[in-house]
Structures are given as structure tokens and as C-alpha cells.
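Both complexes below contain subunit A, partnered by subunit B and then by subunit C.
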Partner chain A sequence: MFELLLNGFINVLFTPSTLLALIGGVILGVILGAIPGLTATMAIALVVPLTYYMDPVQSLIMLMGAYNGGTFGGSMSAILLGAPGTPAAAATVADGFKLALQGKAGKAIKMALRASVSGCLFSCIVLMMVAEPVARYALKFGPAEYTVLMVFSLTIIGSAAGKSITKGMIGGALGLLFGMVGLDRIASVPRFTFGSIDLASGIDLIVMLIGSLALSEIFIQVESVARGKIDAHLPPPSCPDDDKLSFKEYLSNIKTITRSAAIGCGIGALPGLGPTLASYIGYDMAKRNSRNPELFGKGALEGVAAAESANNAVCGANLIPLLALGVPGDTMAAIMIGAFMVQGLTPGPLIFREAPHVVAGLYAGLILSNILLLIFVSVSFRMFTKVARLETTIIFPVVFIFCIIGVYALNQSITDMWIMLFFAVLGYVMVKFDYSPATMMIGFILSPLFEVNLRQALLISGNNPLIFFSTPITWLFWAITVYSIFAIVKSKKRSNQLI
Partner chain B sequence: MRKMKLRLFLAVALCVCLLVTVTTGCSEKKEAAFPDKPITLIVNYGGGGGTDITARALAKAAEQYLGVPVTVINKSGGAGTAGIIEMLNKKPDGYTVGVVTYAPVAIVPHQMEVPYTPDDFKFILSYGIYRYGLAVKSDSPYKTVEDLINAAAKREEGLPFAASGYPQPFVYQKLSEIEDVNFTYVPTQSGSETNTAVLGGHVESAVAVMSDLMPFVKSGEMRILASVSSERMEIAPDVPTLKELGYDIAINSYMGLGVHKDVPADRLQILRDAFAKAFNDPTFQDVMKKTNIPANYISGDEFGQICVDGYNEAAENLKAMGLTK
Partner chain C sequence: MIYEGDMMNFTESKVDQVGGIILGVFSLLLYFVIIPAEVVDVQKFGVSPRFFPKTMALFLLFLAICLFVSGYRKKRQEKQKIYAINPKELKLIMKSVILFACYIIAFNLFGYMIPTIAALAMFMYMYGQRKTRLLITISVGLPIVIYLFFTKALQMVLP
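Entry: the complex of A and B
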């Protein structure tokens, strides 16, 4: 195995075209990920047609590079603009943007970068060592286990809710409802579509995200500019230290980073969940275990580290079910299956025997993509922060246009642009009344997973609810859920802000 | 002096422009040969999937026979109907071609409101066929279809099976009608979710596309009990069909290309000829082989008939299951 991996590294590093493919993938990923509206998924979709003409290792590592770069790239705009570039970076906004407003944009980006790279490397190691057993264990998660996991995941709304739990629950319920628009996933009957074919495929996660978190944030900032509150978008660093991240600061967050990376690995290994949920759960866990939870949402480096480590850990962990079982974990992994197939390879248990050099090359490429990411962003982050310090009159129109282009490019649909605008207004109103759009986002992500698994489980058991208590995994998640609710109530009671 | 020269130059230039315009442009436009500009192919599923990969390969191969580029765009959504509707909404001049797969034309119109029926299309060809297999986990006690039916007979609330959408569940629907037993349909969102449900032991059996099942059959983790297509499968020649087992059940699903029914007949013929040649192109055949989707040529008219027949049959099946809109 080790020898094979070494060969993989040599193959990638000393074949100029392969190395170039990887570099290109990473850079394209970072840039597309950083622009709100253009996402890592889009970077991958752009790269796929190119890969038809490459050899398997080249094409796959180019995709991995774009995936990893794109997942990180989203956090750049989350930090610099307050508008997440990708859904996975939504949890990064809360603290990243606050840090940027304090002049610490450089510091926040560096924290995000180190955390992302650490998280992804962690998951690479898990992938290389124990992909097979982890994937086998993940198979034990059936509809019943997923359902209980979703019940637990709903409790993370508690920490995203801000002051009022009730408002958080309203936001979450709204998100769950919006997630039900479109064809009923079990009976294929249209719901809440008002007869519109465009709505039959439901509301796209990206459209919802760009509307409710990115565009609405732009509205809010435009308003404060109009009232003469700020001129330049971001303040310059107040001291040179603001652009740096000392090794001590990194080390003090190592526990958070490791915890988030482990969460990201677990979520990534379970097909269907994806990086956005991982980063929210990672953030939630970090807040609960932090010594200063009150700093979260006000510019805690720990919060940035928690969210970013978790979402990039999914990049590597996603390959666990993909390689070991041939089951893609999220949309990006599904696109990668297509790339495998074009090369005449079928991901699944046989790939380790049939094409070990491809797997080794993929591992090497994934590890190298982190190093390249580290180099590229360290060199170029000043350019990005400089752009963010331009005047708001330049930045906001540009971001606005990108949001529109990105959403249109997704499905070539005008209706999507209206939906985005709807969520932008809704997000704006929510913020004005002190509701958190993030809670709606969490509900929206969980909605299809929750509903489908709940109904599948009941179909399997013949409507017997005992299936939700039938295995040790379900008991474990029930226990965590109860603990989680208890902890929320306790902390809110202390601050007397339950309602 | 300098000004004079400039004026002279301008005058000459204008005269030349006039002359060029008069002698070339303004006569009545001649009927250009079809096609004289790029053709757009709308794929009704997202990028990277089996439909997308094969459609792009076919488009690439067709370019040399059409003599113009074929631009591929993806328009997914509405269970495969959004891309088809998009194609129908474009001017019926033959420059917009759609990937038209079997389910969104023959089955989905019974489940949701769509502005078309199979009669609104002219088909170019069908180039690929989905074969389905009935699979169980390899350590499952069920060795034959009969075992499965016996087990279902013992479970009154129904033996759960997974499938990722129609027409797959029709197999169990008919089996349960014939044998008077119950199966419960557990819908999954994709072929790979179906695999997970079987491998994890969460359902007893599944019907899925053979290309999705094959890797697990090869690795010894799944067993195919029957081919539910009309004939035995090339990739698993030992597996009997349901027909051979005594059940008159077969489902097939197809990938094809179509245009709006108002596209002029001569243009349709040009498209049919070009794509038929593209189908036989070795580069296209190679991609089909790699993606495990059997390449299978059916002429446009025959494919149209298959869709119309399937449309009528699906109406009956869904009515029997109480699932029509």
C-alpha cells in the first residue's frame, strides 16, 4: 500500500500534465467557490467535459482539486463579504465576517485555510486507513437510523437561533416546509407547486442559499451604507498582527479542529448528508464545548475553525462510500462517478483490485491538493482582501450580478432568479425582525433527508414506530438528542431567554 | 492638404461600401441548406450522469455528419420533464433537439401535469436501453423468485423492496397481482441509494438498472434472481428472465432523441440520418461500452410507437395501484 502511494505521489508530481491538471483544478475551485453564486459543484461540472480527454488519474485528481478548492473557496466570500460562496460555507459567515469587520480578515482567512487543510488531511488519513470498515459500518445506517440522526440534527438549530429558541424553531419549521416544495419524494405527487412545472423539481439549495444568506446580506449592507454607516466595505487591519495567524493561535484551536474533522468524516462517510450539515454540526459542537461560547457569533476564531475543518473533512470522507461501495455521498461525488465511468472504471469494492494505481493516484492527488491550496491561498489572499476593501459602491453591484448569473447558470431557469429574489427579501425581513436565516437554511437541508427516511422507515416496518428504537445506533442518537435538548434548555435558562 | 486626403479617402471608402452592399446582400435570402448553424441538444438530466455522458458522446459523434457543432446544455428537474418541455418550447425549426428518455414521456405524464403527450414529439432515434434486474443481497435466504414470493405470502404488511422510480415497481405490482401476495414499495432517490438499501439489509430485494447492480454482482455481494427485461442480459447471460420463469412481465426503458412534432419532415430526415451514423461511430460505441449501458438502435418511428404503447400501459398499471394524478 505504502509503495503504491509513493508511486502515486511520484506519478502526480513528475508528470507535468497531471500536476498542471491538479493546480488548475484547485485554482478554478477556489475562484469559483469564492464568487457567490458560482459553486464548487459548478467548478466540477465545468471540469468534467475536460476530463473525457485525460487519463483516469489526471481527470480524477483535477476533480478532487476543484472539489477541495471549491469547498474552501466558499469561505473566502463568507469571511470577506458576509455572503457565503457555497452552501458549505454558510456556517462560516457568523464569525468569519465579524472578524473581517474588526479588520481581521487576513487572520480569519488564514484560520479557515489551516482548518480546511487540517480537516481534509485528517479525512484523507481515515480514508486511506479504514475506508472499507467505515463504509461497511455506514451501511448499517438504514432509514430508521437516518431518521433519528435527523431528529438530533434539528437540535443544532438551538445554537444557530441566537437569542430566542422560539424564533429559531419558527425559522427551522419554515425551512422544513420550503424543503417540501416540489414532487413528493415518495409518491411523486407535486406539492406546493401551484401547477408550475418549474417548481416541480423543488427549490434548489444553491438558489435558496444565495437568496436568503448572500443576497439578503447585500441588501442589509446596502441599507447601512445608504444610512452613511460605512464607506469602504472592510476596514484595513488595525495592526500587522491582524493579518497573521500565529502557530499558537492554530494550536489553541487544534481540539476544535480535530473534533470537527471527526464529525466531518462521520457525515461524509454517510451517503446523502453532505458538507453543509457537517459544518453546522461542527460549529454547534464547538460552541457547546467552548470555554467562551458567548464569543460565538461575535468573531470567534474557534467558530471559523470549527465550520471549516468540518466541511473540508467531508471532501476526503466522501470518497469512503464512493470508493468502497460505489455509493456517492453528495452531488459532487455523483458527478465524480460519471467521471470514473467515462474512464471505464466503476467505483465500488472491486476498484482496489482492478485499478489500485488509480486509487493511489487519487489519494496522492487529494493530499497534494491540500498543499497546493495552502500555497495558492497564502500567496493570493492579500489580493482577495484588497478586493474586499474596495468601496461598497463597486463591490455590491458586482456581487449582485454574480449572484444572478450564478443562479441562472445553475439550471438556465428564470424562475430560479425569482425564487432567489423571494428568499432575498424573506432573508432581509427575517434579519430585521431578529430571526436567523441560518435556522431556515438548516431546516431546509434537513427537510428532504428527514422526510424521505421517516417515510421509508415506516414503509419498511409496516407503519410500526418501534423501528425507530430497533437498533443500538438509534438508541445512541436518541440519547444524544435528549442530552442536546437538555443542554440547550439549561443554557437558555441561565440567560433567561427561553422564549 | 491633409484634410483633403482624408476626405478623399472617406469618399472612396464609402463608395466601396455602397458597391459591396448593392452587389451582395440585399437580394432575397436563399433557402439555406439545413443545418447552417449550431444545433442545441438539451439533456433532460444533470451533468455527469449516464444520460448526460452518453448524450454528449452521441452529440460529439454527430457533429462530423451534420457539419455544424452540436452544443449540449443540461436542463434537469421535474423528474426529467423540464428539459423536454424546454425543447418543446423552442422554435420547431430542427435546431433544438432534446434527449427524450422513456419515463418522462410514458410514465410521468400520468403522475403530474405536463403540457405534452407522446404524440407531441417526432423521434430521431433511441440509442440506449436500460435493462433491469431483480436483486437480493448475497447472504439473503432467497435463492429464487419463488422464495421471494413465499416470503411475501407470509408477511401480511408486505415484503419491502427498493426501487428508484417507475417503471421498476410495476414488476412487483404485477407479481403481487398474479400470486396474490403483498410487496411494499420503498422509493429511493437514485440507483445507488437502492444499492445501499439492499447491501445494508434494509429491504429484502430491489429492482434496479443492471449497470448499477453489476459491480456488486461481480464482487459477490448481490445476487440477481431474474432479468425483468424482455430478454436475457449480455452481461449476465445465466440469469433467467421472468418470462422464462412463467410470469408475463417485462419492463424496458430507453434513451432517445426527439424534436417538436412540427419540425419539417426533410429536416427531421437529415437529423435521423446524421444521428444514425453517429450511433455507429466507434467513439460513441466505446463510451456506451464503458458506461455499461447497452447500445441499441431503434428507429425514430419505432421508438415513438414504444413510447405511445408504454404511455397507455402505464396508465393502466398506475390506475391499478391507485397512483394516477
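Entry: the complex of A and C
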């Protein structure tokens, strides 16, 4: 294995066309990820046609580079504009943008970068060491196990609720409700479509994200214009240290980064969950285990590290079910399967024997994509921060236009633009009155996963609810859920925020 | 609502009570009007497609009651949070939303380029940009760059 991996590194590093493909993939991913509305998945979808003319290793590592770069790229706009470029960066906004407003944009980006790279490298190691056993274990997850996992995930709403748990839960319930719009996934009947064909496929996660988190945040910032503030969008660093991240600061967050990376690996190995959920769970766990939980949401480096490590760890972990079992975990993995097949390869257990050099090249490419990401962002981040320090009279209108064109480009749909505007207004009102749009996002992400798995489990068991207590995995998740609720109630009681 | 100088001030108890009433009415409408009209009841697939929306409507009703009660209990508290809204800020946000809506309509009618140039220039002017050269350069230059990026580099179609 080691020899194969070494050959993989040599192949990538010393074949100029392969290295160029990887560099191109990473740069394209970062740029597209940084534009609100364009995601990492879109980056790899755009790269796919280029890969028809490449050899298998070149094409796959270019896709992985774009995916890894795109997942990180979303955090750039999250930190600099308060508008997450991708859903995976939604949890980064809370602390990243607050740090930027304190003149510490450079520090926040560096922490996000190092945490992302650490998270992805961690998942690469897990991928190489235990891909097969982890994937086999993940296959034991049926609808009942997923349902209980979703119940646990719903407890994040409680801890992300902010000052009032009731308001947080209202946000979560609204999110769950919006997640039900579209064709019912079991009975295929329309729900809440109001006769519109455009709503039959449901509300797009990105449309809701851009509206409720990005545009609403920009509206909040636009208020400052009415108060006469038309100078730079972000303040410059108050001292040179604000633009730097010391090794000590990185080390002090290593526990959080590792925990989040492990969470990202777990979530990534389970088909259907994805980096957005991983980043929210990583962020939530970091807040609960932090010595300074009160700093979360006010500019905690730990918060940035937690969210970013978790979402990039999914990049490597997504390959676990893909390579070991041939099961696509999410849209990115499904596109990757297509790319494998174009090259005449079928992902699954046999690929380790049939094309070990391709697998080794893919591992090497994924590891090297992190190094390239580190280099590219370290060199170019000042350019990005300069853009964010333009006058508000320029930056707000430009962000508006990018958001709206990005959303239109998703499905070429005018309806999506209206939905985005609706969520922007809703998000703005929610923020003004202390409701959390983030809990609405969490509810929205979990809604289809929770409902479909619960209904499938009940269908399998003939409506017997004991199916949710039928395996050791379900019991484990129930225990974690009960502990989680207990911890939330305890902490809210302590801070007198239960209602 | 209390006016203090230019600001409209709302006490937390008022906001919570009004929020509770709005949410309560919405959840009742959802349960008795919207769900029966918008979600078909299919029984042969185990749990009906109406089950989750109805559960959510009831849960929202419960939360609405909690919110109203908590607002009522806060009524007598001396130290209440005050939600201050500046009419100037609100006016600018409303103008932005209206301009946004007009842009979407114009985008649908006239395509990408001209509405984008006009919207960008109007947004910039509305937010205080008065340098004519900058206004023209950005509002004309950026839509062209975006158009070329999306249509040539990303192979996407803009109307």
C-alpha cells in the first residue's frame, strides 16, 4: 500500500499535466465556492466535461481538487461578507464574520484554512486506513438508525437557539415545515406547492441559504448605510497580529479540530448526510465542550475551526462508501461515480484489486490538493480581503447581484429568485426579533432526511415504533440524544434562558 | 410601541405576545385550511403525507402558546429588552426589497444585461455612491464580466 501511495505521489507531482489538472481543480473550486450560489458540487459538475479527455488519475484528482477547494471557498465569503458561499460554510458565518468585523479577517481565514486542511487530511488518513470496515459498518445503518441519528441532530437546534430556546425551536419547526414543500418522497403527491410546478421539486437548499443567511445578513448591514456609514465594509487590522495566526493559536484549537474532523468523517461515511450537517454538528459540539462557550457567535476562533474542520473532513470521508462499496454518499459522490465510469472503472470493493494505481493516485491527489489549497489561499487571501474592504456603496450592490445571478444560475428559475427574496425578508425579520435563521436552516436540512427515514422505518415494521429501539446502534443514539437534551437544559437553566 | 426620538421601540413582552398570536393563527390556518387544501391524504403508504405537516402545525401551536405566555410573564419585569427600529433604516431596507423585486420582474421581462446594469447603478446610488465615473464603470463593467464568466467560462445560459 505504502509503495503504491508513493508511486501515486510521484505520478501526480512529476507529471506536469496531472499536477496542472489538480492545481486547476483547486483554484476553480475556491473561486466558485467563494461566489454565493455556486457550490463545490457545481464546481465539479463543471469540471466533468473536461475530464473526458484525461486519464483516470488526472480526471479524478481534478474533481477532488475542485470539491475540496469549493468546500473551503465557501468560507471565504462567509468570513469576509457574512454571506456563506456554500451551504457547508453556513456555520462558519457566526464567528468568522464577527472576527472580520473586529479587523481579524486574515486571522479567521487562516484558521479556516488550517482547520479545513487538517480536517481533510484527517479524513484522508481514515480513508486510507479503514475505508473498507467503516463502509461495511455504515451499511448497517437502516432507516431506523438514520431516524434516531436525525433525532439527535435535531437537538442541535436547542443549543443553536441563542437567547430563547422557544424562538430557536420556532425557527427549527419552520425549517422542518419548509423542508416538506414539494413532492412527497414516499407517496409522490404534491405538498404545499400551491399549484406551482416550480415548487414540485421543493425549495432548493442553496436558494434558502442565500436568502435567509446571506441576503438577510447584508440587509442588516445595509442598515449602517442609513446611519451614514459608507466607508470600508470591513475595518483594517488594528495591529499586525490581527492578520496572523500563530502556531500557538492553531495548537490551542487542535482538540476542537480533531473532534470536528472525526465528526466530519462519521457524517461523510454515512450516505446522504453531507458537509452542511457535519459543520453544524462540529460547531455545536465545540460550543458544548468549550471553556468559553459564551464567546461562540461573537468571534471565537474555535467556532471557525470547528465548522471548517468538520465540513472539509467530509471530502475524504465521502470516498469511503464510494470506493469501498460503490455507494454514492451525496451528489458529489454520484458525479464521481460517473467520472469513474467514463474512464471504464466501477467503484466498489473490486477497484482496490482492479485499479490499485488509480486508488493510490486518488489518495495522493486528495492529500496534495490540501497542500495546494494551503499555498493558493495563503498567497491570494489578501486579494480577497482587499475586495471585502471596498466601500459599502460598492460591496453591497455587488454582493446582491452575485447572489441573485448565482441563484438564477442554479436552475435557471425566476421562481427561485422570488423564493430567495422571501427568505431574505423572513431572515431579516427573524434576526431583528432574536429568532435564529440558523436553526431554520438546520430544520430545513434535517426535514427530508428525518421524515423519509422515519416513514420508511414505520413502513418496514408495519407501523411498529419499537423498530427505533431494535438495534444497539439505535440505543447508542438514543443515549447520546438523552444526554444531549439533558446538557442543553442544564446549560440553559444555568443561564436562565429556558423559555 | 413607544417613540423615543426617531426610534420606534417595542418591549420584549409585546414582541413575544404579538409573535405568539401571529404564529398561533398561522399554525391554526396551517392545520385547518392549508394542509387539507395542499396535501393529499394517501393512506396506503403507511404514515400519511399529512402526518408530518400536521404534527408540525400542532408543535408550532404549542410553541406559539409558550411564546405568548413567556411574553405575558415578562410584562411585569422592569428590565426588558427593547427592540429599537430606526424608521430611516427600515425605509432603506424596504426600498432595497422593492428594488430587488423590480429587478426580478425586469430580469424576467428584458433579460440579464440592461436590468442588471440599471439595478446595480440604482443600488449604488441609493447606498450613497456619488462618484459618476465609479458608478458607470462598476455598473456597466461588472455585469459584462459576470456575463462573460457565466456564459463563456461556466457555459451557463443567462437570458
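FYI, the second predicted complex is superposed on the first by the 497 of 499 C-alpha atoms of A that agree within 3 Å, B and C clash if a C-alpha of one lies under 4 Å from a C-alpha of the other, contacts with A are read in each partner's own complex, and residues count from 1 in each chain.
We take it that a contact is a pair of C-beta atoms (placed from the backbone, for glycine too) under 8 Å apart; a residue touches a chain by one contact, two chains touch by 3 or more.
If you're wondering where the values come from, they're calculated on a predicted model, not measured in any experiment.
Novice: Following the superposition defined at the top, how do subunit B and subunit C come out on subunit A, clash or fit?
Specialist: fit
Novice: Angle at subunit A, subunit B to subunit C, CA centres, as a multiple of 10°?
Specialist: Computed angle, apex subunit A: 90 degrees.
Novice: Should A:334 be classified as contacting the first partner (subunit B), the second (subunit C), both, or neither?
Specialist: first
Novice: Taking the superposition as given, does A:325 touch the first partner, subunit B, the second, subunit C, both, or neither?
Specialist: first
Novice: Could you look at A:235 and tell me whether it touches subunit B, subunit C, both or neither (first, second, both, neither)?
Specialist: After superposing on A, A:235 lies clear of both subunit B and subunit C.
Novice: In the superposed arrangement, which partner chain does A:459 touch: subunit B (first), subunit C (second), both, or neither?
Specialist: both
Novice: May I ask you to decide whether A:428 touches subunit B, subunit C, both, or neither, giving the answer as first, second, both or neither?
Specialist: second
Novice: For A:166 in the superposed arrangement: first (subunit B), second (subunit C), both or neither?
Specialist: second
Novice: Once the structures are superposed on A, label A:412 by its partner contacts, choosing first (subunit B), second (subunit C), both or neither.
Specialist: The answer is both, since A:412 touches subunit B and subunit C.
Novice: With both complexes superposed on chain A, which partner does A:190 reach: first (subunit B), second (subunit C), both or neither?
Specialist: both
Novice: Is A:222 touching anything from subunit B or subunit C once the two structures are fitted on A? First, second, both or neither.
Specialist: second
Novice: Considering only C-alpha atoms, give the closest distance between subunit B and subunit C in the superposition, rounded to the nearest Å.
Specialist: 7
Novice: Common interface residues of subunit A with subunit B and subunit C?
Specialist: On subunit A, the overlap between the subunit B and subunit C contacts is residues 186-187, 189-190, 412, 459, 463.
Novice: Note which residues of subunit A are touching subunit B in the complex, please.
Specialist: Against subunit B, subunit A makes touches at 44-45, 48-49, 52, 139-143, 183, 185-190, 195, 197-198, 200-201, 271-272, 325-328, 334-339, 341-344, 346-350, 411-413, 452, 456, 459-460, 462-463.
Novice: Which of the residues in subunit A come into contact with subunit C in the complex?
Specialist: 46, 164, 166-167, 169-170, 173-174, 176-177, 180, 184, 186-187, 189-194, 219, 222-223, 225-227, 230, 391-394, 396-398, 400-402, 404-405, 408-409, 412, 414, 417-418, 421, 424-425, 428, 432-434, 451, 454-455, 458-459, 463, 499
Novice: Name, in rising order, each residue of subunit C that touches subunit A in their complex.
Specialist: That would be residues 15, 19, 23, 30, 34, 38-40, 42, 45-49, 51-53, 56, 59-60, 63-64, 66-67, 70, 81, 83, 85-86, 88-89, 91-93, 96-97, 100-101, 103-104, 107-108, 112, 116, 119-120, 123-124, 127-129, 134, 138, 142-143, 146, 150, 154-158 of subunit C.
Novice: Which stretch or stretches of subunit B touch subunit A in the complex?
Specialist: The touching residues are 47-50, 52-53, 56, 73, 75-79, 81-82, 85-86, 108, 111-115, 157-158, 160, 165-166, 184-190, 192-193, 195-197, 199-203, 214-216, 218-219, 221, 287, 289-292, 323, 325.
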